[in-house]
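What follows is a pair of complexes built around subunit A, which joins subunit B in one and subunit C in the other.
Moving on, here comes the complex of A and B:
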C-alpha cells in the first residue's frame, strides 16, 4: 500500500509529500480496509452459503430483504445486536466474556498477511506463512475457554472435540505446506505466489517459457497431494462438514457456542466464517497461484514498482484489480466446494476423524515431503551444486525426471496407504465387535 | 493410566435430534457411552383415558394424533378393532382402498425416516429434502381423498369416509411411474457414501435374541434378521391376495434397518400396483351402507393389529354395551421398539446415539400417548 501511495502521490501527481505522512496514511488505510473487509466477507459468505445450499435442496433461500435477499446478512447482524446477552449463572463471567474476543482477534490478525493482488499485501513479512499458521492456532485456546467457562456439558464436549481436532489437523496442514516451502525456499507468502508464474505444470524453472501466471503448484504431483491433504485439513480446522464435529447440531446442540447469545454468538460466527475465508484464500494462494493468472504479470511489469520506478501508476491499479479478481474468484470457488460438501455429506465421528488424520493424512504428507525433496534435488541442483546424477542433464530432462519420479512415489504411497488404512479400519471394527459381543 | 471421570449428560428433552420431547440420561466416559437411560412421558396427554370418555367414532380423529406421520395406518387398526367388536362387514372395494392408503403411508414414512436418519448423521437437510419430495406427492393424494394432508381421519367403521375422487387414480399412476427412480436415488444416497457407511455399518447392533426378548417389531426386528410381518403372519384385510416379499437384514445394525426400509418401499409399490389391478369398480362400494357410525357394540372385547410402518400397531377395546369404550388400549410400536435403546447404544460413541435413535424411527406422539 505504501508503494502504491508513494507512486501515486509523489510520482504521478507530483505533490511531494513527506515519507512519514505517506506511511501514516497507508497504515491507516490498511487497518481500515482489513477491519471493514473481514466482516464484509463474512456477511457475504453467509448469504452465499445459504443461497447455494438452498439451490441444492430445491429451495430459493433468503430472497425477501432487498433485491434477491442481498441485505439478509445485514438484517441478521441487526438481529444479533438487538438480542439479549445472556451469561449463565454458573459461568465464569470473565473468561466467558473473553473467549469470543480471543477467537476473533487472531482471525482478523491473519488478514494482515494475505496478498490481495500484486504489491497489495497489507504487511509483507518475510515469514508470513509461519505467522499465518501460528496465529491461527491461538483461536483453539479461545474455544477451550468458551467451552470451559460456559459450565455446560455440551459446551465442554464441544470444546474438547474442537481442540483435539484443531491440534491434530494442524500437523498434516503444516506438513503439506512444508513441501511447498521446500520447493520455493521461502516462508514468505509473496515469494510463493511469485514462484507460481510461468506456464502450466512446467512452472518457471524451465527456460523460454512465456509468463502466463499459470505455474500453479497444483499441477505438479507434489503440489497436488499437498493440496488435497491441505484442503481436507482446512475443512477440519474451519469446522466444515464433514468435520463439523465440534458443533454437531444433531448431537451436542451447538458445541462450545451453546451458552452464547447475542453479539458474542455473532462473534463466534464471524470468526468461523472469516477463518473459512482465510483457509480458502490460503489454499488459493499456495496451490493455485493466488493473484497469478494470465495478464497480471504483464500489467504489473508496466506499473511503478521499486524495481521499475518509471512505470505508469495506472497499471498499478489495473494489475491490482485483475489480481484481486483472480484471487477472489479462486477463493470463492473453494468456498463453493466447502458449501457443496456441507450440502451433501454426513459428518464423521470424532474417533474416525482422528484415525483419518493420524493414520492416513500424516503419513501421506510425510511421504509427500520426501517427494518434495526429490523434486528439489532434481530441478534445483545443477552441476554447480553437486547433485551427481543430474550433472549435464538439460533442464527439460531434469524437470521431466523429477515429475515422473515424484508422481510414481506419490501414487505408490497413496495406493499403499489406502490399503493399510482400510485394513486397520477393518481390524478396529472387528475388535470393537468382539468387545461388544463380550459385554452382551 | 490417566485418572478419568464419568460424566452424566442429559440429551433432551429439548434437543434437535431426539424426535420430540424425549430425554436420554447418558453416562459417558470421554466420548464412549457407558450407560443410557431413556426417560419419556413429556408428551403424555391422557390419550387412552380421553378415549374412554368419547364415543367410538369420536376417537377416530384422536388416533390420527398417535403417530402423526401415519394417520392412515392408525385409523386402519382402530377401525378394524371396532369392526371386530361390533361385527361390521367391510365391502371389498373399501378393503382395497384401505390397503392402498396404508401402503402409501408406509412409503411416506420410510422415505422420511431415511431422510431423518441421514440428517441425524449430520448431513445438512439435503437428504431430508430428498425424502420429503416423495412425501409431498403422497400427501397431495391424501388430500384429494380425505381433504387433509396429515390428520386424515379417513376411515370409518365398515369402510372409508368417501370414495376415491376421479383424479386420484391417474395421479397415483403418475406417482408410481416416478417412484422407482426416487427410491433408487435414496438408496444410492445410502450405498455410495463412504462416510455414511462408516457411520452406519456395525453401529447399534441389536442381536436376534435381544430383539425377540424385548418384543420389538417392524423394520427394527426385520433388520435383526427375523422375517416377522403381521401382513404375512396373520393376514388381515385383503393382504392374503397380494404377492410381496419381506426383506430382512443380516447383522441388525443401523445400516440393515435402513436397507430393510428401502426394500419395503419397493414392496409397498408392488402391493399398490396389485391393488390398482384388482380394485373392484363398485359404485358406493367404499363403505358398508348398513354400518352405523354411532356403534353400540355388544359386551365383549376385541384386539386388532396391523403392520404399521413402524411395527405392530394394536388396539384393544373392551365394550360394556354402551356407546363409549369401557377400556381402550394402544399397543404402540414406537414405544416398544424404544425399550432396547440402552442395549443398542452401550459401548458406542456419543455421536452414534442420535443415529441409533434415528434408525429406530420413533414418533413421540405414539410413545407417550
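Moving on, here comes the complex of A and C:
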C-alpha cells in the first residue's frame, strides 16, 4: 500500500509529499479496509452457515429479506443495535463492559497479518505466525472477564469451560504448526505461502518442479497429519459444534454470553464468527497454500514488485484478484466443512474432549514433529550437518526417501496411538462398570 | 524521531507503573489480576519499542495468554478470596513501603552512582542484528545455554508431575452423584439375583454417563 501511494502521489501527481504523511495515509487506508472487511465476512458467514445448515436439515433457511434472504444478517444487525442494553444489577459494571471489547479486539488484530493475495499483506511481520497465535490467546482473558463479571453461575461455568478448552487445544494446534515452521525455517506467514509453490511437491524441496502453485503441505505426510490435528484443534478453539461445550445451550444457557444483550451480545457473536473465518483462513494458508493456485505466480511475476519495478500495473490487479479468489474459495470450503461437522456430530462431553486433546492429539503432533525433523534432515542436510547417508543422492531420491520414511513413521504412530487410546478408554469403561456393580 | 520514541516510552512507562500500583492497591482480587494483565501488556509494548518483536510477541503469548489465565483460574477456584472482603493493604503499609524502597535502593544506588552513562553510539547501518530473532534464540538454546535449557525443562516436568500428583483423586474417594437413569440401572442390577460381570460395554449406555457425573 505504501508503495502504491508513493508511486501515485509522488510519481503520477508529482506533489512531493513527505514520507511520513504517505506512511500515515497508507496505514489508515489499510486499517479501514481491515475494519470494514472483518464485519462483512462475519455477516456473510452467518448467512452462509444458516443456509447450509438449513439445507442439511431439510429446511430452506432465511429467505425473506432480499433475494434468497441475502440481507438477513443486516436485518439481524439492525435488530441487535436497537435492542435494550441490560446489565445485571449484581454485575461488575466496568469489567462487564470491557469484556466484549477484549474479546473482539484480538480477533480484529489477527487480521493484520493475514495475506489476502500476492503482496497483499497488511503488516508483514517476520514473526507473523507467532503474532497470530499470541494475539488469539488474549481473547481467553476476555471470556474469563465476561464470565466472572456477569455474576451468574452459567456464565462462570461457560467461561471456565471455554478457557479450559482453549488452553488445552492451543497446545496441539501450536505443536502441529511447529512441524510446518521447521520445514519452512521461518515464522513469517508470507514465506510459508511462498514455500508452497510447485505441483504436488514444493519446488523448494525439489527444484525444477513446474510452478502451478500447488506444492501444498497437505500433500506431504507431515503436513497431512499436522493439517488434521490443527483443524480439530481449530474447531475446539473456535467453539464449533463437536466442541461447543462452552455454550452448550441445553446445559448452561449460552455460557459466558448469558448475561449480555443488545450490541454487546452482537460483539461476542462478531468475535466468534471472525475467529472462525480466521481459523479457516489460517488452515487454508498453512496447509493449502493460501493464495497459491495455478496462474497466480505467473501473473505476479509480470507485475510491479520491489524486485521488478518496471512491470505492468494491470498484472498486479489480476494477480491480486486471482489470489484473493483462491484464498477465499479455500477459506469458504473449510467453513463449509465446519458447518458440515456441526450438522453431522453431536456435542462431546468435557472429559471426552480433554482425553482426546491430551492423550491423542498431543502425542500425535509430537510424533509429527519428529517426522518433520526427519524430513528436513533428508531433504536439506548434507555432510556439514552430519547427515552422511544422503551425501551424493539426487534431490528426487532425497525427497522420495523423506516421503517414505515420514509416511511410515506417521502411519505407524497413528495406528499405535489409536490402539492405545481405544484400549485405555475401554479399560476405563470397564473400571466404571465394576464400580457400579460393586455398589450393589 | 528520537523525541517521539521518548514520549512513547514515557507513556508506556507511566502506564506500567500505574497498572502495577493498582495491582497492589485495588481491593478486589480479580481486578488486581486484570490490572496485572494490563501491566504485562505494557511490558510487551516496551519490548516492541526496543524492536525486540519476538520477545514482545512471546510476552503476550506467555504472560497475557497463559500465566494470567492461570492466575484468574486459581483465584476463581479458591472461593474464599474472590469477594471484596479481603483488604490487600495492611495498616502498616508505609513501613513496608519504606523497607522495600531501602532494600531496592541498596541494590540500585551503587549502580546509579558509579554508572558513567556512556551509551554507545548507534551502530552503523548494516551491522548484524543482535539476538532477537527466533532462529538466534533457538541456536543459543541448543548450543551455548544447553545445560540451562535442559535444567529448565526438567524443572517444568517436575512441576507438571507435581501438579498431577496433587490434583489426582483416588477413584474410590470420588463423590458419586447418580442420575435417575443410573439409579434405575442399579435397581435393575439389584433385582438380578446373580451379580455377574455385566453385559458388554456398548450395551450399557447408562454406565457411560456415570463417569461424567463423577468427574464434575
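Rule of thumb we're sticking to: the second predicted complex is superposed on the first by the 405 of 440 C-alpha atoms of A that agree within 3 Å, B and C clash if a C-alpha of one lies under 4 Å from a C-alpha of the other, contacts with A are read in each partner's own complex, and residues count from 1 in each chain.
The rule is simple: a residue touches a chain if its C-beta (ideal position, glycine included) is under 8 Å from a C-beta of that chain, and two chains touch if they have at least 3 such contacts.
It should be emphasised that the depicted structure is a prediction, and the values quoted were computed from it without experimental measurement.
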Combined model on subunit A where subunit B meets subunit C, clash or fit: clash
Touched partner set for A:21, first subunit B, second subunit C, both or neither: neither
Partner chain in contact with A:396 - subunit B first, subunit C second, else both or neither: neither
First, second, both or neither for A:241, with subunit B first and subunit C second: first
First (subunit B), second (subunit C), both or neither touched by A:127: second
Partner chain in contact with A:348 - subunit B first, subunit C second, else both or neither: first
Partner chain(s) touched by A:148 [first = subunit B, second = subunit C, both, neither]: second
Contacts of A:431 with subunit B and subunit C, given as first, second, both or neither: second
First (subunit B), second (subunit C), both or neither touched by A:167: second
Subunit B versus subunit C as contact partner of A:137, first or second or both or neither: second
Touching both subunit C and subunit B, counted on subunit A across the two superposed complexes: 349-351, 429, 432-433, 435-436, 439-440
Residues of subunit C defined as touching subunit A within the complex: 28, 30-31, 34, 37, 53-54, 57-58, 60-61, 64-66, 68-69, 72-73, 76, 133-135, 171, 176, 182, 185-186, 189-190, 195, 197-198, 201, 204, 207-208, 210-212, 215-216
Complex interface listing, subunit A residues touching subunit B: 53, 56-59, 153-154, 157, 241-242, 244-245, 248-253, 342-352, 425, 429, 432-433, 435-436, 439-440
Residues of subunit A that touch subunit C when the two form their complex: 92, 95, 125-127, 130-131, 133-135, 137-138, 140-141, 144-145, 148, 156, 160, 163, 167, 170, 185, 187, 349-351, 426, 428-433, 435-437, 439-440
Sites on subunit B touched by subunit A in the complex: 7-9, 15-17, 31, 118-126, 129, 133, 193, 195-196, 198-199, 201-202, 205, 207, 210, 343, 346-347, 349-354
